[in-house]
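Below: one structure, written as structure tokens.
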Amino acid sequence: MLNLAIHVGNTKTPEAVLFWLLAPLATLAALGMLMAKKAVHSALLLAWVMITLAIFYIAEDALFLGIVQVVVYTGAVMMLFLFILMLVGVDSSDSLVENIKGQRPAAIAAAIGVGGLLVSLIGRASLGRTAIGLVEVNSTGNVQGLAEQLFTKYVWAFEVISALLITAALGSMVLAHSQKIKSRTAQRDQSIARFRSGSLANAAGFPSSGVFARHNAVDVPALLPDGSPAPTSISGVLEARGDMIASAPFQMQPVEEEEK
Amino acid sequence: MDISNYLYLSAILFTIGAVGVVVRRNAIVVFMCVELMLNAANLAFVTFARINGNLDGQVASFFTMVVAACEVVVGLAIIVTMYRSRRSASVDDASLLKR
Amino acid sequence: MTTSSHLVYLIALPLFSSALLLLLGRIADKWGHLLATLVSASAFAIGVFEFIAMHNRTGAARAVTQKIFSWISVGSFQVNASLLLDQLSICFVLLITGVGTLIHIYSIAYMSHDRDRRRFFAYLNLFIAAMLLLVLGDSYLNLYVGWEGVGLASYLLIGFWNQKPAYATAAKKAFVANRVGDVGLSLAIMISFAQFGSVSFEGVKAGAPHASKAALTAIGLMLLLAAAGKSAQFPLQSWLGDAMAGPTPVSALIHAATMVTAGVYLITRSNFIFDAAPIARLMVVIVGGITLLFGALIGTAKDDIKKALAASTMSQIGYMILAAGLGPVGYAIAIMHLLTHGFFKAGMFLGAGSVMHGMDDEVNMRRFGGIGKFMPITFATFGLGYLAIIGVPPFAGFYSKDKIIEIAFNAGGSKGWILGIATLLGAAITAFYMTRLVVMTFIGSKRWDEKAHPHESPILMWLPMAILAIGSVASGFLFNSGNSLVNWLAPVLNANGVEGGKELLKPAVVSGLALVAVIIGVGIAFAKYRSNVPAEAPENVTVFTKIARRDLMQDAFNEAVLMRPGQALTEGLVKTDHYFIDGIVRLVGSIFLGSSKGLRRIQNGYVRSYALIMVIGALALITTIWVVTL
Amino acid sequence: MSIVTSLELLPLIGTVLLTFLPKGNADMVKKFAFIISLVVLGVAGVMAYKFKTNMPGMQFVESRNWISSFGIKYAVGIDGIALVLILMATILVPVVILAGWHESENGRWSPKTFYSLILILETMMIGVFAATDVFLFYVIFEAMLIPGYFLIGGYGRGERAAAAMKFLLYSLLGGLLMLAAIIGLYVIAGNQIGHTFDIGALSNLHIDSLTENFLFLGFFIAFAIKAPLWPFHTWLPTAAKSATPGTSVLLLGVLDKVGTYGMIRFCITLFPHASKTFTPVIMVLAVISVLYGAFLAIGQKEINGLIAFTSISHFGFITLGIFAMTSQGLSGATLYMVNHGFSTGALFLVAGWMIYRRKSSNIDDFGGLQRVTPVLAWSFFLAGMSALALPGLSSFVSEFLVLVGTFTRYPVAAIFGTTGIILAALYVLIVVQKSLHGPTKEGNENLPDLNLREKVAIAPIILLLVVLGFFPKPLLDAINPATQTVMTHSGVTDPAPKAGK
């Protein structure tokens, strides 16, 4: 028994390798998530962190949680995030310029304080303690052990949580639902709106990308009769993503110059 | 390897998450940071379970995941509604409280 | 003591009439003056009736009391609304109601063109009621009510034409000066109560022999302060000249015959205090002496006929106060002079009113001259009053004033000489300024505008003057014959068996000296003012004349020493209140406001800020744990 | 149910009924409120009639458990002091309603709210004087601030919100100190006789002198702010300048009396030793109040401010009388409270009419009103005369009793206080001269005189001023046994005359 404890308490070498390999990566990914300009990048980095954590769970004899982490978190929840990002628009990127005075330094200072103190506390609390390990508890299987706990000791909490889930599902449906109060704007309505707007410049409709140029890709803006590019001709999403290609190289050169 | 390394990692991730909540303005990213903090807590729970040699920590972690899922569902729905009404997902734009 | 049940009507009738006239308003305009006069006359009739009844009784039974109701009763402080009519008060009752009625009659004609005649008569009745209460009250507190009542009536009457700011100011000044005196009376009452446990005359009289000298002196001095305020004695005399702003009958009744002599009444009534407090008595004498010269000197420089008469009043009351201050020998003499003065001064004021009536309300004597021919009756009655006041035998003033000079000399030692000479000097100056007044007004060259048409006043006006003139002629003789007044008053004034003191000079010598002084005064005035009186007051006069014209600088003194510092104090306190006391309060408020303004910045509406504060809170919590678990 | 309770309930019932009246009909609301207040006055009259003046102690006593776990009771009962103050309050309310018929019309809320507040205030005014349970007293003491606050802040003029806030915060500060003292008292009572808030029981505690001093100060400062005594007075002029005349009358006439009433009922009764300890300080403060208030009244430019400062002067007199601890002083002070209510009430109401007509409260804007509006001028003059304590008017009796009572024990204080009567003459006569006398100033020519309603409103007050000046006996008969009880309890007797007979 004692031997077993000692055996488990000294972490096996493979686990140490795993940890020292993945933990810095997870930390870096988390930091990257913090600093990434685009939300999509943040989401992907978060997914990476979560997967890392799932691996750690498995390494820590929490097989069930590791699987759930991958399936529920990385799978479902992160998908939901990406889904919403698409809904909200990829172009809703964040400027990282701080506009609340003193917020960032204060935040960093506070965070360093919190982190430092937490680390210090953990260090103090776990000093000289050895882990008991889950070998004994998991002897009938991790999933079975968890299930026993959930349906006996924590059954009440489990039921309440289920109620919470249903409520949350209903709540999100209510929140996300929007009643249509007017009919969709059809082509006709848009046309009328264009004519009624102040200028008639766009009365004939916006130009589509690349039509008058030598290139017809969607990421190249159309050229107006005077030769200047028309940014309105390409999708706002492409513009926001920075995927717009300058149209100048595709501009037709004057004939005389070509002859020369 | 000392098992409390997991706890240190958990503390660091938690702190990074907290900074993100305070610093980032995109509501979705803020949410992700919250998720990061929850995950950091989960890691700590799982580690505690291992240290104490019982499954209570894992159960707590399980519940946290469920609650986090609920929270994400509702929170994202709120973000969508917010975005619908003001065409922005920045939390700074929702600052009507100061008036 | 006899009890009576109808003394109260003396006061109730005029009080009721006054209230009625004021409440009914314009409805009573037609008959208000008649009712008021009738009421005053009825009060006089009651007075006469009471006098005869009293005269028929003897000894202690002469005093009549009536308890009306219990007024204030708290612990040992028991004051009844009760009246006391004794030999002293009956003199005043007759004077007040008698002269009062005459002046009511006079006013019917004098005020006939005033739109507010009814209101005037209401005030007059109010005055009569208050003055009767003053002399009939059986305790100092009852007296106080009358005392303030006459002050109120005086205020209302001086300010009768209060649409003129100067008149309103004069009324206010009179009231405030009287209030200073009232402080004295209040304190005297308080000391009495603390000493004797009673504020009635009887109680104080019974307790006086057991009290300490210091207490009695304090009471005496406070009573003197009260008397000085009411009777326009130094240093509170400055209001009387300005009080001439009131209609002339008011000046005659209130500011010559009755109210201003209330101080003399107070001192003689409190004889049991003063008899036992020699220092207080000395102060009374000093105040009287100063005022009699003070008033006389002011009188020599005034061109306003009413103000000259007012100065004279001040001076004559100075005589009375001086006499009263001389103790048991003087009380009755003071009262005698008070009564004779009531006749001749009221008569002269009415005469002055008559002159003004005939001269379109002109009061400047330099614009008169030779009026005697046009207003023979006025001249005659005024002349009789004049002879009385300067003390020509056998007119009334002679008997009373001569007696005062006599007892002044008899005061003994250097005191006697100083007082005697002061009174003699006063008599000479009186003769001077009164002669000046009569000469400038009735004799000499005419200096009035062509527009003025001096004419004799109607009978309603000259009849009262004539009656008063009879009084000025005969009253002195009546009072003096067989010492009738002195004997009559003796039981009240505790003067039984008082020896006249050591005689410094023989009475005949004193009379002679007084006559010489009078003749000198008359002679100088006659020579100086018989002719060549400029119609405008000359400016190139000696500094003494200038000072005398300005009431011997009393107003200037009051202004510089009391008014200006008082105003500065008031302003300073207003500023202190605003900037310091309220400033502290506001400072406390602004501290809270300022700090909450600072704290409010935290609530900037940004969720992220709130989140940061949460993080900081967590930091604080963790720090605590960290420290605790160390 | 005791008649006191029914008296308290009546205005409340009136308020409830008031809410059922149609909202648009302001006239009906006013009439109804007026009738209710008259009914209350009638019941108060019945109570006064049934009151036995020769019986010491509380009458019409009623006691019910309220919060039994703390020993808090709904306990009421009145003695002579409470009786006269309740009578004054119930007389003033209908007068105020009638006099300020249009006061509610320019407010932030409806007239209905205004009259509800007035009636609620009346309930509390009765309750605060009748309470014999310290906690009940405290609750009403604080609750009274609420209608007061809304009446000033909702219906006043000028910077009404700021004035109301100052009034509320200042009073709350005092209330806080008093609450602390009450809790202290409760704890001490718990140690000695069991938990109770009954005044009678609390007044027999044995408290060590240091604690007693602190508890006394807690109560006294609260009352000194309420009364108000210098230097805690600055909220009063602000409030009086902003409040409507009717509110000012209730504020100065009744609410502030709770302060001086409390000094008798609580400070002296509960802490006789501490009262004696602090008497010299309080005497000085009172004398300063008398003179300071008078000087500031002279220096005021606004008619309301002037009246407010005269009241500070008068409150100085009342405090002087209370802490002189003589039967004259105490009875005089109590009588003064009543008389001051009527006298200041009359002044505020008449001044309010003047301001309403002239649309200005600046004294210099008035002039020559005697000619233009004789009845108004006379009313103002008489009210002013009662403010300067002219003999023959009611305030004289009380002022003189206070001074006499003070003099027998503290002659110096009395002498200083007496000089206040000169200043009183000045502050009244200056404003009388400026506003009533002199030539009619521009803007005053066409001011209307009092109408019938106003005459009816002011007449009873002036009548009372005169009648009580000559017949204060009924009131004094009611007051004397109560003040005797206070004195006996404190173990003091009147100083004997120095010169024995």
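To keep things simple, chains are lettered A, B, C and D as they appear, and every chain counts its residues starting from 1.
The rule is short, and it goes like this: a residue touches a chain if its C-beta (ideal position, glycine included) is under 8 Å from a C-beta of that chain, and two chains touch if they have at least 3 such contacts.
Everything numeric here is computed off the predicted structure, so don't read it as measured data.
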Worksheet item: Tell me, which chains sit next to both subunit A and subunit C?
Response: B
Worksheet item: Which chain lies the greatest distance away from subunit D when centres are computed from Cα atoms alone?
Response: A
Worksheet entry | Between A-B and C-D, the pair with more C-beta contacts | A-B
Worksheet, complete the sentence: centroid check, CA-based, most central chain -> D
Worksheet, complete the sentence: Cα centroid separation, subunit C vs subunit D, in Å, comes to 36
Item to complete: Report the inter-chain centroid distance for subunit A and subunit B in whole angstrom, where each centroid is the mean of the CA atoms.
Response: 13
Item to complete: Report, in whole Å, the distance between the mean C-alpha point of subunit B and the mean C-alpha point of subunit C.
Response: 95
Fill in: Whole-Å separation of chain centres (CA-atom averages), subunit A against subunit D
72
Worksheet, complete the sentence: Multi-partner residues in subunit A (2 or more other chains touched) are 100, 103, 107, 110-111, 114, 118
Worksheet item: Residues of subunit B touching 2+ other chains?
Response: 18, 22-23, 25, 92
Worksheet entry | Shared interface positions of subunit D, touching two or more other chains | none
Worksheet item: Hey, how would you classify the chain contact layout here, line, ring, star, complete or other?
Response: other
Worksheet item: Of all residues in subunit D, which touch subunit C in the complex?
Response: 166, 169-170, 231, 233-235, 292, 295-296, 298-300, 326-328, 331-332, 368, 370-371, 374, 378, 385, 390-392, 396-397, 400-401, 403-405, 407-408, 411, 414-415, 418-419, 421-422, 424-426, 429-430, 432-433, 436-440, 470-473, 476-477, 480, 484, 494-501
Worksheet item: Of all residues in subunit C, which touch subunit A in the complex?
Response: 604, 606, 608-609, 612, 615-616, 618-619, 622-623, 625-626, 629
Discussion item. Give the list of subunit B residues in touch with subunit C in this complex.
Written reply: 18, 21-23, 25, 91-92, 94-99
Worksheet, complete the sentence: As the complex stands, subunit C meets subunit D at residues 22, 25, 69-77, 81, 141, 144-145, 147-149, 152, 159, 162-165, 168-169, 171-172, 175-176, 179-180, 182-183, 186-187, 189-191, 193-198, 206-208, 210-212, 215, 569-571, 573-574, 577, 581-582, 585, 589
Practice prompt. State the interface residues of subunit A toward subunit C in the complex, per the touch definition above.
Written response: 100, 103, 106-107, 110-111, 113-114, 117-118, 120-121, 124
